[in-house]
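Two complexes come next, and they have one chain in common, chain A, joined by chain B in the first and chain C in the second.
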Partner chain A sequence: MAEETITFTLPDLGEGLVEATLLDWEVDVGDHIARNAPLVEMETTKSAVVIPSPHDGRVVELHAVPDEVVRVGAPLVTFAVAAADGPRAGIVGTVPEEESRPRRRVRLTPPTE
Partner chain B sequence: MTELIEHTADTTTGPVVELSMQQALNRALHTLLAENSDTLVFGEDVGTLGGVFRVTDGLQKTFGTDRVFDTPLAESAIMGMSVGLAMNGWRPVPELQFDGFAYPALDQIVNQVARMNYRTRGAVPMPVTLRLPSFGGIQAPEHHGESLEALFAHTPGLKVAVPSDPGEAYRLLLQSVRCEDPVVFMEPKARYWDKRPVELAEPTEPVGTGRVVRRGSHGTLIAWGAMVHRCLQVAELAAEDGVELEVLDLRWLTPLDTDVLAASVRRTKRAVVVHEAPLTAGLGAEVATRVTENCFGDLAAPVQRVTGFDVPYPAGPLEPQYLPTIDRVLLAVQRTLEY
Partner chain C sequence: MPANLTDDLVMRYTDLHPGSPAGAVPVLLLHGFGTNFEMNWKSAGWVQELGNEGLRVLGPDLRGHGGSDKPTDDDAYLPERFSRDFVGLLDELDVDRVDVVGYSMGSRLGWDLALRAPERVRCLVLGGFGPADAFAGTDLNALGEGTTPFDEVFRTVSTLPGNDPAALAACARGQAARPFRPEPVPEGVPFLLAAGSEDALAAGAEELARDRGGSHLEIPGRDHVSAVSSRIFRQAVVDFLVRG
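This part shows the complex of A and B:
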């Protein structure tokens, strides 16, 4: 299956925080990680938080090491994920599936006139 | 098998390219922004992101942040700003991200946009085109699958356009934005990814004309938006039983093309109107009335309505049961055949 890479950047973990310290990775390069599984522990000036993985895929690169200070918006990790073959939905909803042969149960009787 | 009407008579000659409805709308916006420097595109996430459905993709990069820009998450403000811009000579093309979020903007739409021209005796027209991703079919959360056409059609001063395929989307959007009256342009989300050849040409039919999409002699299916596709599926299956159904795409709900309705039903003698919105006080009632007023003596059976149910729009997994199914439309057709 075709793959594509997606780089995840550090999101704002609090109200307008500009950076966070990387405490520990929960994954290594080469690991497969499920969506929402623990990815990395980060510490801000407010608290330590575990960031869940936004993707289901293989970890191809970790862009920071423990104790490193990462700016919000800086690359954190790159995933290889399965490429979608059809059209992709936006942020909301799914692409409707087109049946090649629509199913029916009702039969019609042609008019006699 | 009935022939499919090629709709080339509707256009001047232009290049033919394969486009999804999203891409066709994007092309139309590109054309509109390029041809008139007064045209502005704005809304939530339409700029940097390019829209949640990619309809405004790349427009900000091409036309700059003064003409294509993101707004705060405040629908009422988006429409209020449209009023002010239109009063000062601009041609706003606002987007409200989803149908259900048009409700907070109704005050501006109904009390200002729709009646400014009337209130000022024509001195202050409102050439505003509100792009509104609408209707269901994509298993989205609550407030993302509403059908508001009856609400807008019932508001004097507004025009309502609903494209059913990429080519229609391209042409109807050009017409809507160039129109001096406010237009609510309802984009059927379920058809956004539908790809077909589109002739990038100027529309030639006037605002407010419906079209015959498929010819048939035993009955007329009347629809707009994604339900046109549903009706074409039904017509294809009906033909297997020897029943030839005509399919009308109204495409403008105000002004509503009574002529195309009446001409079709006079020939076929049966009419079934199909829409996603709930039954009660839906636009199907208006269509049925116009058919009855104009073709009462020609009708072989009462006009049938196949619609959503009189319940709030359901959660995603129930959509296939809520939206008019092929069998529900076929049953309605059968009722008209055996009446």
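This part shows the complex of A and C:
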């Protein structure tokens, strides 16, 4: 099956943050990773996050090591993925929200004591 | 006792995989001070980790946090008020028992819940938590102005979008009014203490586990913030909850 490589760059983590520190990879070079599976742990000045894989594919190269500061937009990982038939849509790097029930609100009234 | 009207508040929560197998015990995730369910748990990979095991996840935004109401009187944040919220949520959802996984202040509250309602808690994970006074040396009327570890936490979370510094200050004072005590231990509730090796706010966790019959996990090289997303932490909790 034909393969192509795609490099995933550090996405915008919001709140005007321009960089994050790599805590740990959840994959090694050569591993196959499913789309949405945990890919890498990153730490910003405010929190620690797990970034899920945007692709289903094989990990070809990791572009940063633990404790390294990575700028938003810098290469993070390169995947080999099955080549798509025909022209690709131009959207990469976004992962849809998993299915979840909408958040609900509950009004809690304590028992009268 | 007069009813306290501040308890009539709205709490936002998430209920994931409510159709999980009958008999499976849901997991109640209690986030830390100044964060919310989304930031503490979902973004850090916990919803996916627990969801992969088919577990139902209940994730409230604690009072004063996230999408829940944010009273500004200190008494609204006494630990027993939070415990009452959690019992109310379980009653509302018809859930008999949960496994409680807390982080930092959420751990302190999980311990309180297990003491007050041990029949509602099967087991307990206390992340980023130790028996030492988290507010040691902190001026509770000038939060964020000093140099203690808690002042630093307060400064960081005060600037997060959606947070109300006045509500958070009231929350800190309400928590400080009930210092943690390692005795008594919640009856019949196995517990795991897990904290980063560099987490100053969790000092004494290992001794607490040893002295009170709990399990202990040290997360190498991680501090109070970076331990939250640790794969070692997540997998140890799944092992503790699912495989005993």
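Simple rule for what comes next: the second predicted complex is superposed on the first by the 85 of 113 C-alpha atoms of A that agree within 3 Å, B and C clash if a C-alpha of one lies under 4 Å from a C-alpha of the other, contacts with A are read in each partner's own complex, and residues count from 1 in each chain.
Heads up, the rule we're going with is that contacts are C-beta pairs under 8 Å (C-beta built on N, C-alpha and C of every residue); 3 or more make two chains touch, one makes a residue touch a chain.
Keep in mind that what you see is a predicted model, and the values were worked out from it rather than measured.
> Once chain A of both complexes is superposed, is A:Glu15 in touch with chain B (first), chain C (second), both, or neither?
second
> Thinking of the overlay built on chain A, is A:Ala80 touched by chain B (first), by chain C (second), by both, or by neither?
A:Ala80: touches no partner chain.
> On the superposed three-chain arrangement, identify whether chain B or chain C touches more chain A residues.
Between chain B and chain C, the winner on chain A residue contacts is C.
> When the two structures are overlaid on chain A, which partner does A:Leu62 contact: first (chain B), second (chain C), both, or neither?
In the superposition, A:Leu62 touches no partner, neither chain B nor chain C.
> Which partner chains sit in contact with A:Asp24 here, chain B, chain C, both or neither? Use first/second/both/neither.
second
> Check whether A:Glu41 is in contact with chain B, with chain C, with both or with neither, and answer first, second, both or neither.
Touch status of A:Glu41: second partner only.
> Using the touch definition from the top, say if A:Val72 reaches chain B (first), chain C (second), both or neither.
After superposing on A, A:Val72 lies clear of both chain B and chain C.
> If I apply the document's touch criterion, which positions on chain A are contacted by chain B in one structure and by chain C in the other?
In the superposed arrangement, which is not itself an observed complex, chain A uses residues 103-110 for both chain B and chain C.
> Under the touch definition given earlier, write down the residues of chain B that touch chain A in their complex.
20, 51-54, 98, 137-141, 144, 189-190, 193, 195, 218, 233, 236-238, 241-243, 300, 326-327, 330-331, 333-334, 337-338
> Quick one: which bits of chain C touch chain A in the complex? Just the residue numbers, please.
Touch list, chain C to chain A: 1, 3-4, 7-16, 18, 35, 39-40, 43-45, 47-49, 51, 67, 84-85, 88-89, 92, 156, 160-161, 222, 225-231.
> Could you pull out which chain A residues touch chain B in their complex?
Touch residues, chain A against chain B: 87, 89-96, 102-111.
> Which residues, counting only chain A, touch chain C once they are in their complex?
Residues of chain A touching chain C: 15, 23-24, 26, 36, 38, 41, 43, 45-50, 52, 98, 100-101, 103-110, 112-113.
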